[in-house]
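Below is a structure I'd like to ask you about.
Chain IDs A, B, C, D and E follow the sequence of writing; residue 1 opens each chain.
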Amino acid sequence: MTKPLLDVEDLRVRFHLRTGTVEAVRGVTFQLGRERLGIVGESGSGKSQTGRAILGLTPPPGEVTAKRLAFDGIDLLTASKRTLRTLRGGRISMVMQDPKYSLNPVMTIGEQIIEAYQAHAKASRGEARDKALAMLEAVKMRDPARVFSLYPHEVSGGMGQRAMIAMMLVTDPDLLIADEPTSALDVTVSMEVLRILDELVTERGMGLIFISHDLKLVSSFCDRVLVMYAGRVVEELEAKNLREAKHPYTQGLMRCLPTLADDVRPLPTLNRDPAWAL
Amino acid sequence: MLDIQNLQVVFGTGRLRVDAVKNVSFHVEPGEAYGLVGESGSGKSTVLRAICGLAPISGGRVLVDGKEVTTPRTKAFYRTVQMVFQDPYASLHPRHTVDRTLSEPLAIHGEKDAEARILQALREVGLGPSFRFRYPHQLSGGQRQRIAIARALILRPKVLLLDEPTSALDASVQAEILNLLDDLRRKMGLTYILVSHDLAVVAHLCERLLVMRHGEAVEETTSAALRSGAASNDYTQSLIQASQGFTRTTKPPLQSLAG
Amino acid sequence: MAGSPALSHPTGWRAWLLSPEPHSRWQARLGRFYLGWRAFSRNPLAVIGLGIVLLLILVALFADVIAPYSPVAGGDLRTQRLLPPSETFWLGTDDQARDIFSRIVYGSRITLFVVVLVALIATPIGLLVGTVAGYLGGWVDTVLMRITDIFLAFPRLVLALAFVAALGPGIENAIIAIAITSWPPYARIARAETLMVRNSDFIAAVKLQGASTPRIILGHVVPLCVSSLIVRVTLDMAGIILTAAGLGFLGLGAQPPMPEWGAMVATGRNYLIDQWWVAAMPGIAIFVVSLGFNLLGDGLRDVLDPKAAK
Amino acid sequence: ATPPDTLVQAWQSDDIISLDPAEVFEMNASEIIGNTYERLITYDIKDVSKISGQVAESWTVSPDGKTYTFKIKPNRKFASGNPITAEDVVYSLQRAVALDKSPAFILGQFGLTKDNMKDKIKQTGPLELTFEVDKPYAPTLVLYCLGNSVASIVDKKLLTQNEKDGDWGYNWLKTKYAGSGPYIMRDWKANEVLVLERNPNYEQKTPLARVIYRHIKETASQRLLLEKGDVDVARSLNPEEIAAVSKNPDITVQSAPKGTVYYLGLNQKNPNLAKPEVRQALKYLVDYQAIADTIMKSKGEVHQNFLPKGFLGAESNNPYKLDVAKAKELLAKAGLKDGFSVTMDTRSTAEITGVAQAMQATFAQAGIKLEILPMDSKQALTKYRARQHDIYIGNWGSDYQDPNSNADTFAANDDNSDNAKAKPLAWRNAWDPGPLTAKTRAAVMERDAEKRAQMYKELQKAVLDDGPFVIFLQQTEVAAVRKNVQNFVLGPSFSDNDVSQAKKN
Amino acid sequence: MNGGGGHVGALRSFLKKVVQFVIVLATTLLGLVAVTFFIGRVVPIDPVIAIVGDRAPAHVYERTRQELGLDRPLIEQFVIYVKKAATGDFGNSVLTTNPVMTDIINVFPATLELATLGTIIGVIVGIPLGVLAAVKRGSLLDQFVRVLGLVGYSVPIFWLGLMGLLLFYAKLGWVAGPGRIDVTYSYLYTPVTGIVLLDTAMQGQWDAFWDAVSHVLLPACLLGYFSLAYISRMTRSFMLNELAQEYVIAARVKGLSEMRVIWRHALRNAAVPLITVIALSYANLLEGSVLTETVFAWPGLGQYITNSLQNADMNAVLGGTLVIGTVFVLLNLVSDLLYRLLDPRTR
């Protein structure tokens, strides 16, 4: 791995609420090259907040601190709003969990892609349109011209998710954060989506952060995996070695899934050790 | 116990007509757990909803305990058949405490001894009495799903219809719920129909299952057959494939996980 | 679950109230209430609103103690009429030589009466029509909503005027008239809310327990509409007082010499420019009280509306 | 600011429903009729007993007192340019009788009907006509009635052109104009504006080219407009506003007593009010002077008899004063020592409500609980005419300048049964005045003015002592006028409010 | 993704919508007529007296009663009324003697003018305020907008109106007084649309136009304020809703400027329910604010109906109410159409 694309050290996200302070992310540290990095963990463990903090999109009461948060040498914490804006969508993109909610319901898919493109590239509408169509084609949309003029509610979940990916990739970013991009999809459809992402990483040399709670999926798709628990990274390991995880949490997560392979009964469950959260 | 014969469900008319379930038949023995799998929109939930009267039966028959169900369903039917919904966040009344939620069926059916039955029901699903006065938003998803199961069980039904009871839950919580369901079935001699898109979950809980696609039954098979990877139907085969994780076409498939 | 922060643990009665494991329905309820109150009390404007409303209630309760003069019997027309605010008459006197302060104090009873009664009449009607229409759907919905539309499309003041004309003027009839004209929006809100929940799983769940339709509507649907309706009703309080005032202005509200604020403003209108206090004082009272209800409603919205609370 | 040749007035005119003189009966409209039409007869508004001809040059009364012969002034023209002839006059009078609208009784009371009018009202020459009455009435009565707005002279030719289905041009004239007065009614937009314009054919050209009446309902708005000079005259100011504008050096306040009295009608169907002591007691329970000095300041003067000042035989003594002790004594005599409860139908106008509340306060001092029922005027009238009230607070304006107008309603009641045809005030309050009815009828026939006046004085005394009316004020009309307006005249009746000589400098 | 069907299906569903709408309109109007009519008949005011006056002799009274058809059975009167109303004939107004329709055509433009201006002010000021309040939730600006709105909700309109007149007209002289135009100008133009601003402008009477502007300014601002109070509140709440949506974050992820995110994305979505709100507030203003119209001597529909009602002029009340009802239903339709236009999901 040469110079890392993304360098995160001791990232913390806090929410100051009436009832006290919630530390959603507590000292996450990792580096990312042009590879597939998976982040797994149960619900509420801080996966999404980590991803959003990188993009500077932590929602209002939240506060982000880090020893280091740099993208391609640019310090994201001190960068001006302007710089951030050009980075966002331009060089770093994020595919969000649910296409049903993350596409603007009153704009056509084409418009939204064009908008993303024009926000970063000086292009005429015609050029932007061609680019958008090409992008839709790239994500294996069957009839790009038709999808272009459809509204989000007129497409299925799988198509929506692909449109979302097209929108986020139209600017040819160096880093893509995919936050549970397949959890709303059918198994069969989600495989197609993953295939597209995979191609992009291998063919464009993009960095990918793949957030998911599906260990099986992450281990089969990613190169490296961060396992999060209560806002911390409890374990970092090669994806293919997930079976050999050392941390009891990771082990537990792996084991408690029923599999077709063997019939364990009762299924082992997680016995949370308070010490994990410390 | 349950006999579904040529079930048909149609929503809407004219241009808006949706044939959600087309001619589906299956039979469930008492004490058996039966699975329904298939992709999203294949009509799995609709079958369950048609059985308990939440969706119209447009054709075919539904027999419970040998008797054809009436529309609207009788109170006795509801004492026999109960359902647990997919989304634990949506299936509890947001303004009712657990206590209220659990006492409602008892009140409807004029059961006495509510206090004791509620505490017992909570115990059965592995929750302590401390949960009794909580509101749904004070519960985790897994806890909510337990409450939903407790509510379904408090009338001592014989049949439990489970609509993806774990798909909204974390893996670890899913394991807890699956264990619980397994336990309860054994203890109470319940009959299950389980809907899920996760083959592993269905295989874990059920003996037999029906694969559905586009509202039609594709094939009926057994868990054992699934485990051995023996599926006569291409579609079933592709489901089995997909459930084993991502496969890179360029690289050889990850055999290690398929076992 | 995981990651929830450790909060400092309260002690004493607060601990009892906030106990995560209440032992009785009462304790649970009180605890809820306390939490709501805590959220509410952090909103200074809402607290001001509550203060105003409480003040209104107190003033209404103790009107006889507070008011220095009779609200109806005037003084000497020749010497005590239309006096500006002074030490003897804090807010001045009106055209009948009555002490405006005393009238406002007593008027609070009428205001409270109007507001409470309208709320008690209009809210249940709107709630019932809306939930029944929304839940049952079909032709019931069509018929009920058509009726609602008719009442909604009816010029409000005209309808009120007509009712008052039909029933005879007077504060009770004005209240009925206002109530009859205020329920349609509530029905609309309740219906919209009902439509959102009627297909939800938790309603399906009670259906599956064999609950009857009235039970579902009253026990399960209504409670969900109530909170947004309460908010809306408190926001409407101002409108109600002002409509009552409007009717008073048109001579159809309270009967003289009742110290109804709207009627007082209406009389004061004749002296607006030179004897400004006659209209301004009750006008300010109306303003303050409706502001109070508004602020309270805003605060309540934040507490009751789960969407806003999140 | 207003144009120099235009007089702009602000008033409340929502009661104008027609501008046909045969139908006009309300005060605002009759002012318009007064300024735009002419009649046979007119009187000096400073001394109403001075009767003179307007369209008539001269007249005679036959010895039997039944036939009046009028000679018309020659060479007079309508605004349309048509000459005024006896034919027009005959047409106008017959038209009023035939249309039989509300004020038609003013002529009808002389025995004129649709069927006999052709014989009774006859043209006897190009400029001469006769008018025949059924009984030898006091001539002043007949002449005053012919000076009333209902007897205005309309342009026959113009109306015939606009007649439809024998309606005497009624549907047209309601909103149009066919007269010969100093001004032409140019434009009327209900509840908005009414415009009068100089009549070029009038014998004496008006100084102003235009008079505009703006309907401004809100009195405070009227006042603001007046003080800013956006209107020249404000007609509906309330007492406090009048007091305030009178301090303004640019504004003068003009006033004139009107033939309208304010009274309480005590329904004799109410057993308490039917007691003579109670009727008397109530008369002692009104603080007449205080009301006149404060609430009704500059809008009325204390007046307790049914004939307004200025009428033949009008009494001006006001014997009653607020005297609670006396009233209590009377109540005790009536067996109502602790008072009683009673309601009062009150039109919801500021002044009536104000007066009602003042009375409520004084009544209470004697233990009488007066409940005020506010209602709009049409509703109050409906109830009043059905004799369903307890007490009605209202006012009565005389229909014409003759004392009979008021005597007929306050002191006469031919039939006190529920389904009587005529509904004079005495009937509305279910009061049978006994011999007073006959006396009223006799007074109409008395041709000797002196004796006639005496008869009315007696009638007034009787009603004052025992009648079910607590008469308390005579109305004064006030107008606040900007200083640069001259010759704006408020007359004794509304149709006498005269702007024909008004000018601005 | 509507399959098959094509034009025929679309056309049929459109026709179905039209038929549905006509039925809705008809039943609503019929209901309106029925309610108004029967209310009108139970009002204890004798319409005959309103016409003939207090002192009319009995026979005049009786004849008028018959002329008005008031001696017939109620149902018969109703049927006759509905039949006539269907042809646009609401009878004649007692007060003005004109056909009610003519009257309404006369007074409605005044109300329309005021209500439209009021709504425009409400929208132009209210929406940005609401948006800013939502974006800066909890800030001083938010509190300011909240209080501003609440004051708008709370203050009696006639009071504010008169105070406005006193200050801006009498004391400061910034605006003209009550009325629609000065008498000096009132005969310089011929009413065509009945909307003074339009008429004067179209006829090139610019002095008159500016005079009319200065007359309309204060009442329009007053109504605008009330509509602003409502619109800004609703905008704020809709915007808060939208700003919490995922697509807003997605828009930020794309690197769009905050301006664009708020005004193009969030507001564009909030505009959908806002349409209904604006239509409702417009309809309320069109109903004619009796009190504003009284204070400003504005000869509009509100005053007309109230005045008619007080004078038992039931023809006028019925007609006016029906017109308002129709306007209401039509506005509903328009807002529905706009809704469909703005929200592709409902197409």
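Basically, contacts are C-beta pairs under 8 Å (C-beta built on N, C-alpha and C of every residue); 3 or more make two chains touch, one makes a residue touch a chain.
The structure presented is a predicted model; accordingly, all values stated were derived computationally and were not measured.
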| item | value |
| --- | --- |
| Fewest hops from chain C to chain D - one hop per pair of touching chains | 1 |
| If a chain touches chain B and chain E alike, it appears here | A, C |
| Of A-E and D-E, pair with higher C-beta contact tally | D-E |
| Distance-to-centre winner among chains (Cα means, whole assembly as reference) | E |
| Farthest-lying chain, centroid of Cα atoms versus that of chain B | D |
| Separation of mean Cα positions, chain C and chain A [Å, integer] | 48 |
| Interchain centroid distance [CA atoms averaged], chain B/chain D, Å | 88 |
| Centroid spacing, where centroids are CA-atom means, of chain A and chain B in whole angstrom | 31 |
| Distance between the centres, which are taken as Cα means, of chain C and chain B, whole angstrom | 46 |
| Numbers and ranges of chain E residues touching at least 2 other chains | 43-45, 162, 166, 310 |
| Residues of chain B whose C-beta touches two or more other chains | none |
| For chain D, residues contacting two or more additional chains | 218, 220, 224, 376, 379 |
| Residues of chain D defined as touching chain E within the complex | 2-3, 6, 8, 14-15, 17-18, 25-26, 100-105, 108, 171, 174-175, 189-193, 212, 214-218, 220-221, 224-225, 227-228, 230, 376-379, 381-383, 385, 399, 421-423 |
| Of all residues in chain A, those that touch chain B in their complex | 42-43, 157, 185-191, 194-195, 198, 202, 213-217, 219-221, 240, 243, 252-253, 256-263, 265-270 |
| Chain B contact footprint on chain C (complex, rising order) | 1, 20-22, 24-25, 27-28, 32, 200-202, 204-212, 215, 219-220, 223-224, 306 |
| In the complex with chain E, residue positions of chain A that touch it | 52, 55, 57, 85-90, 93-94, 96-98, 101-108, 115-116, 119-120, 150-151, 153-155, 164, 167-168, 171 |
| Residues of chain C defined as touching chain D within the complex | 72-74, 76-78, 81-82, 95-96, 165, 168-170, 250-252, 255-257, 267, 269-275 |
